[in-house]
Structures are given as structure tokens and as C-alpha cells.
Amino acid sequence: MITELRSIPLSPEMRAPQTAPLLEVDRLKAYYKTQMFGVDREVRAVDDISLKVNRNEIYGLAGESSSGKSSLIKTIAGAIRPPLRVVEGSVRFNFKDGERDIYKLSPQELSAIRWSHLSYIMQGSMSVLNPVRRIKHAFVDFALPHVNAKGADFTSLVERHLKRVHLDPAVLQAYPHELSGGMRQRVTIALATVCGPEFIIADEPTTALDVIVQKGVLLMLREIQQELRSSVLFVTHDMAVHANLTDRLGIMYAGRLVEEGRTRDLFKRPLHPYTAHLISSLPRIGDEAPKKGLEGSPPSLANPPPGCRFHPRCPLAIDICRLEAPPMMEILPGHRAACHVAQADPTRVETVG
Amino acid sequence: MSAFKIFRDLFSHNGEFAIGLVLLLVVLAVAACSFFSPYPPMDVYVVPPDVPPSWEHPLGTTSRGQDVFWQLTFAIRNTLLFGIVVAILSRIISLFVGLISGYKGGWVDRVLMSINDTFVVIPLFPILVLFYFIMRDQMSWALLAVITALLGWAYDARLIRSIAMSLRTREFTRQAVFSGMSTGKIVLQEHLPFVLPIVFSTTMNNINWSIGIEVTLSVLGFTDINTPTIGGMIYWANQHAALVSGIWWWVTFPVALVIMLFIGLFLLAISMNEYIDPRSRLSRLGGQA
Amino acid sequence: MTPNLLDVENVDKIFTRGGIISRRVNHAVNDVSFSLTADKPEVFTIIGESGSGKTTLAGMILNSLAPTSGRILFQGKDLRDVRSRRDRLEFMSHVQAVFQNPFDAFNPLKRVDRYLFSAAQNFTECRTTDEVEERVDDSLRKVGLSLAEVRGRYPHEMSGGQLQRVAIARALVPNPSLIVADEPVSMIDASLRMTVINLFKKLRDELGVSIIYITHDLATAYYISDRLIIMQKGKVVEGGDARTVLAAPQHPYSIKLRQAVLSVDGAWRDDPLTEAVHVVAS
């Protein structure tokens, strides 16, 4: 029996079935807990969020400032430092060589999966690249401990990777300040992908870049993602970037996930009034119709409104919205939203905007 | 209110601050005793000379017939007052130069900073000694304070200037300009609050520095030795060869007290520095370093 | 004939850095000219990426920087002659500024209302407390706020959108005829951005204020501009009616810029790049 099974060649995809998502975030709650002058403060930055990121997909995460999206990616990356604390829930990765619960890992195990399984692209490239050392040192510092190659082998591996992402290996000899902002961001992407990670967290990687450069960097990121067949969690507040890049999209508002689905479904038929407003208020070239801003301000996470956190600004709010927080429910196939109104009648949301 | 909170936070979370504050309070208490002294500070031979520490004279008496404890209360009061006066005067100069230079920039900055740099490189000690030889009998306590202050502002003015320069590029400074605020108003109301923590910290260091100057000059006899100061006490003790003749209490207690003051002010300065530095403040509150 | 509201005539700005040996010259603004007429208020947009010189140009229009050559006239008066404090206050009562980052636009240690009161005291005839407060309240109402909401509040207690509206109200206190807004919405959350953008429209249409809107974002530029210029490395490469230029740009750089704008509508169908992803993913 056993020998028979062994004789069947297993492709990596079969061993880790497509049905198992690469990342599973389950009822995650992460709060900032501070104690200053004897007064306890609790900021619910991530409040009961569940989401899954499949293999080989770009999952977009959108939200405004203080929506909790940066706290969420910090918890997913396992980069939790006080006062941020995980109160409940779990973050599990199903890597090819086994499942990992990120909060049950020791610091050594965590640093072992960094870069090789899980890597991170940040907004400011200068926080990764040491301004006084050549680019090649950054590769040595970050990637060398995670690959089975030393010396010349390592250099040729890095050069091969740079060629694969259409970068001239000559950048290895450059200092960060000699490169343009776009080029530096390409280098950080190359750095984050050199070990072929299965999961890449990209935190606003193009926000600081000029429009023309931005498109090229996004293109590069997608090419690498397709080649490595890895998953990307792409965070930005720019809906236009999501529309062009991501496969699935999650919308965060005030520490909660309010809508999630395939990007095209979200743009075509948003189910949460907040998403509907975000999309309809985007100015477009060629569109002269007046756009409206949303009344009110995003709530403070230290003192969020009761019930649905969006209700004070929601044009569709009904009585129950003020009392009860709506659960995240699948309303259309593969398209979830946390909205009482949409759960009762999805067509009503179309009137927003 | 918030100043009080900062104070309480520092006291309960910062060991250096707590120890520094206690030391400083002890020194201040000693200085405050001078107001209850049974003997006028300038009088000599009011008590039997060369008595070792006893119940009647807790720190003993000097060869000049003065009670060491009561003499010390006056000495530390004058020394401390000297340090504070120097610190206040030099803070005013360094704030003025630093804030104006940093905010105005351009030729104003160049002129003020060239003056500033001149003061940084002037050899301090020979100048003070030179002043003493010129002024001789007119060299009063107040005059020495003014001269020391004039020589002691330059480093901190540069520090304040660098902060003011970064504040100048902040948008709220332009908002103030476009609200019609005058230079004086912008510098005093918009920028001054940002440099005050630094000023507090440098004040401690400056008091230490100026007391050091005063003690050194007094020990060498280059000041008005008739005003009782810590340096003056040590000067008289040396004149009477106190250590050689075994009158150790005449030297030991003033030196111990001034060292307490030094350490206290130093600890306060470093704890203030740590408070000002946002990185260390964050780590204390448990945030990212 | 009444003079133009603003004339920018062949303006250059050259920054030199370093000493005698290693001198680096940066031609930030290179021969820029345009005019705003006094009779019809408009939103005039300056589009450019970082390093295009758009912010330097704004600084010169606001008289915070002096041009290296060329001249800028406001209502026929050369800004070079605006030197004394009295002249500057007079100038600032006609030309006001709105800045980029609302979270840095107010001193974090001070209440936000101080800037409003200061503007009312320095730029208007209001002298008594009641007059000043009425003027400030009046300006705040134009941006959908009121003095009661703003009085005594610190910047950290308000959202970016609110702060930017207070900043616009502050600029409106002297009833200016021109407002220069440098990237006023780039730091504001998406849900609040259009409120601020619509406010600029309202200022033009209802209060007759001309606006120089400086941005890198073509979509909002299309939405509110009447005319625009596109700058690249200090030079104006293209200019004219906003809708015409953005619909059919002519200069290679403008075309490149226009093409780099990520389209939101139907991106997953039209854009071949996105198509490729979905083929692989499905």
C-alpha cells in the first residue's frame, strides 16, 4: 500500500491542495493597551477580523488612516510589540513544508521563516537599505542566512534573480542614494523576493512614488508574483491601484473588515455602503459628474460608536445598525459584507454614491 | 497640570530623576537653613576654633572660629545662586540667538553664528583670570556671574538653532506667517515651547558648569573671597593648611556637598535628556524603540 | 483696463548648493509664464511630479521665495516691491495659502483657533473680540464648520479633513482673491477628499476666489480645474483648457503622465496586465 502511494509522483500543488488557503486569519483581535498615569487605555485596532489569502493570489487590503490596516499587517507579519497585543484569535500559515501558527513560534523559528517563507516590502525603501553601504550588503545581510549558497554561488544567485526582475546587476555596486526612488523600491522588491518567499506583505510600496514610476513598480511586483506563484497581501488606500492589481480585496473600516470579495465584483457591485461610496467618489478623467465626500469623520478607535461603526456616516443606516454590529456574511458567492441593509436587500446599496 | 504629570511620571518611572531630585532637595534644604543661622556669615571667631564634629557643632568649626555647618549653608546658597543666575542669563542669550538665527536664516543666521562660533572657541579660563587681574577689587560676585554667563551660552545656542531650523520648515510655521503673526510672536509662541525641554536639560548642565568655574576660581583666590561660597570655604581651609593640621571637616563637608549638587544636577540633566529623546521615551512606555 | 489678478512673467529660479569647488546648480523653475484674469475666477492647476518645480513656483507666487529672474505681478504690482511688514500683510490679505499636510499645518502644542483669530486681527478691520469672533465664525461657516465646533480644540482632536477645512477657513478670513493650495488633498483620507475638493469649487463659484491648485493627481485636476499647466523639470511642457489637455495630451511627457494614470473603470477587462493575472489565478 505504502509503496504504491509513493510511486505516484506528487506535484507541489497536490501535496498542498489548492483548497487550503496559504494564510488563515481567524477571529483576530489585536488591541493597543497602554497604561499611562494609572489610566488604562484600549485601542481596538484589529477587532475580530477573519480572512483567508489563497495561494498564488494578490489580496488587496484597503482602508483609511486609523482603520487598523497597519496593525493588521503587523500582527500577520508577527511583528507585534507592546503596547500592541493579540487578545484573541490566530494567524496561521500553511507553508509548503508545514503549517505554522505565527504566535506559537519562538523568535528563532519566526526569524527562520522570515525572508524564505514570509517577506515584507515597506513604503520607505531607506528603512531597509543602509544609506552608507552598497546594495550588495543588503542582500548579504538579509538573504544569505536563508539560502544554501555561499560566496560566488550566492552572488550568481542574486544576479540571476535581478536579471529575472529586469534589474541590471550593476545596482549591487551602487549606494542607495545613487538610485532614484523608483529604482530603490525595485531593489527592495528584488530583496524581498530573492529567497522565493511564499507570502509577501507589501505595505503601501508605491505610495511615495511618482505616478509614472508607480505603474512600472506595480508591474514588476505582479511579474514576480506570477513567476514565484506566491501570495501577496497588498496594502494601500489607493483604490485605483487595487482595481488594477489585486485579485481579491478586503475593505477595512474602524478596525473591522467590512467587505471582502473578488476585486472586480467589489468594484462592479459593492455590498457595503462605505465601499460603494469609496468607489463612486473616485474622480475619473472624462467623468464630469459631481462627486460627494462622505459626511462626518472616521471614528476614534479608542471610543468607537456602538453597533455598526459606520452607521453615523451611513446614508442607509436603520435602527438595528445603531444597536448591533453586523456580522460578516457571504451575500453573493465569494463576496462577504458586514452590513445589515445589504444582508436584507443587496440592491439597496446601489443607491449610495 | 501637564507639567505636574510629567514630573510624577518621571519620578515614578525614572530612577535617575528620583535620585537626582532627592540629592538636589537635600542641597536646597541645607541652603535654606542659612536663613536660620545663629551667626552672621562674615563674622569670624564666633565659636571656639578647630572643634571636631560634635553635638554642639555637628560639622565641627574652622580655624577662623566659624561653625562649618552654618558657614556651609551660606556657602552653598551663594554658590547655587551663582549657578542659577549664570544659567538664567546665558539661557536668555542662547534662546535669543538660537531661535532668531534658526528662524531667520540667511545673513542674520550667518552673523549670529559667526559670533556664536567665536564664543565657542574662546579659551574660557584665561579670560576669567584676566578679568580678575583687571578688575581686582571691583570683581564682585554679580560681575563674575555676568561674565560667566556671557561666556557660557554659545554651545546651547547652536543646539537651539538646529531645532529652530527644523521648526522653520514645518507647515505650521508657514500657517503662522500666513496668519499675519510677527517674527517675535512666531518665535516666542510657536517655537519656544518646542525648545523648552532642551532648555531645562541644558540649564542643569549649565548650573553645574558655572559652579565648577566659580569653585575653581575661588579655590585659586581669583574671586571675591569675602562672600562665603563653597570655593571660598575651600580657599580659606587651604590658607590655614587645614588638611595638614588635621582639620579635615573644614574641607570634606563642603566638597561632599558640592559633589552631591553636581551628581544631583547631572542625574536630572540626563533623565531630562532621556525624557526629551522620543526613542527612549517610547521604549519606556513600551512602544517601539 | 484693470490689471490681471496675477501675472507670472518668464520666471526662473535657480538654487545653487555647495561652495566654490563643488557647486551644484538646480534650475528648479525655468522660464514659466502664465496669467490669471481678474474678471473671472478660476481654478488654475499646476500638475507636476516631484522635482518638477511646482512647489518652488508656488513659493514664489506666495512671495516666500524671490525669483532669480523674471517677475511676478499681483494686481499689477511687482512682488519684489512687497518688502515691509505692512506691505506683506496687505499682500497676504489678498493672496492666501493652504498647505499639504493638515496634520502638520497647526502647531500640535497650540489650539487651532489661534491662527484664525490671528488672521482676523492682522488682516481685517475687526478690532473688538466680538467682531473678530464673528469674522472667524463667518469663515468657518463657509467651509461647513462653526466657531463653536473649533474653539479650544487641539489639532490631534480633529480629523485630517476637518483640519484641512479649518486651514481653508483660516485662508478665507481676509476675503482673499487668490488661494494657492499645494497638494491640499494628498494626505487626506479617500472618504473625506472630495469634500475638500468640492469646497474649492464652491469658493470659486460662490465666493469668486481664484485658486491655484498644485497637484500630481490628474483625476482630481480634471474634476476641478478650468485651466492647467503641466510641468516637467522646471519647464512648462503643456498648458491650456484642463479638459482638452487631459483628454488629448500632446507633449510626450503629458502623454506618458496621462497613460500612467491607473484607470478604475473596467481595469480588470481592458488592462492586459490584469487580464494576465486572472488567467494565471483561475
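Letters A, B and C mark the chains as written, and numbering starts fresh at 1 in each.
FYI, a residue touches a chain if its C-beta (ideal position, glycine included) is under 8 Å from a C-beta of that chain, and two chains touch if they have at least 3 such contacts.
Given the structure is predicted, the values throughout are model-derived calculations rather than measurements.
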Practice item. Specify the chain most distant from chain C by Cα centroid. Key: B
Exercise for review: Write out the two chains that share the greatest number of C-beta pairs in contact.
Suggested key: A-C
Practice item. Between chain A and chain C, tell me the centre distance in angstrom, where each centre is the average of that chain's C-alpha atoms. Key: 33
Check your understanding: What is the distance, in whole Å, between the centres of chain A and chain B, each centre taken as the mean of its C-alpha atoms?
Key -> 54
Review point. If you average the CA atoms of chain B and of chain C, how many Å lie between those two points?
Key: 49
Exercise for review: Find every residue in chain A that makes contact with two or more other chains and list them.
Suggested key: none
Practice item. Spell out the part of chain C that touches chain B in their complex, as residue ranges. Key: 62, 64, 85, 89, 92, 96-97, 99-101, 104-110, 115-116, 118-119, 121-123, 167, 170-171
Point to revise | Complex interface listing, chain C residues touching chain A | key: 49-50, 158-162, 189-198, 216-220, 222-223, 243, 246-247, 256-258, 260-265, 267-268, 271, 273-274, 276-278, 280-281
Practice item. Flag every residue of chain B that touches chain C in the complex, lowest number first. Key: 170-172, 174-182, 185, 189-190, 193-194
**Study point:** chain A residues within the chain C interface of the complex
**Key:** 56-58, 64-65, 181, 210-212, 214-215, 219, 222, 226, 237-241, 243-245, 247, 263-264, 267, 274, 277-279, 281-286, 288, 290-295, 297-298, 313
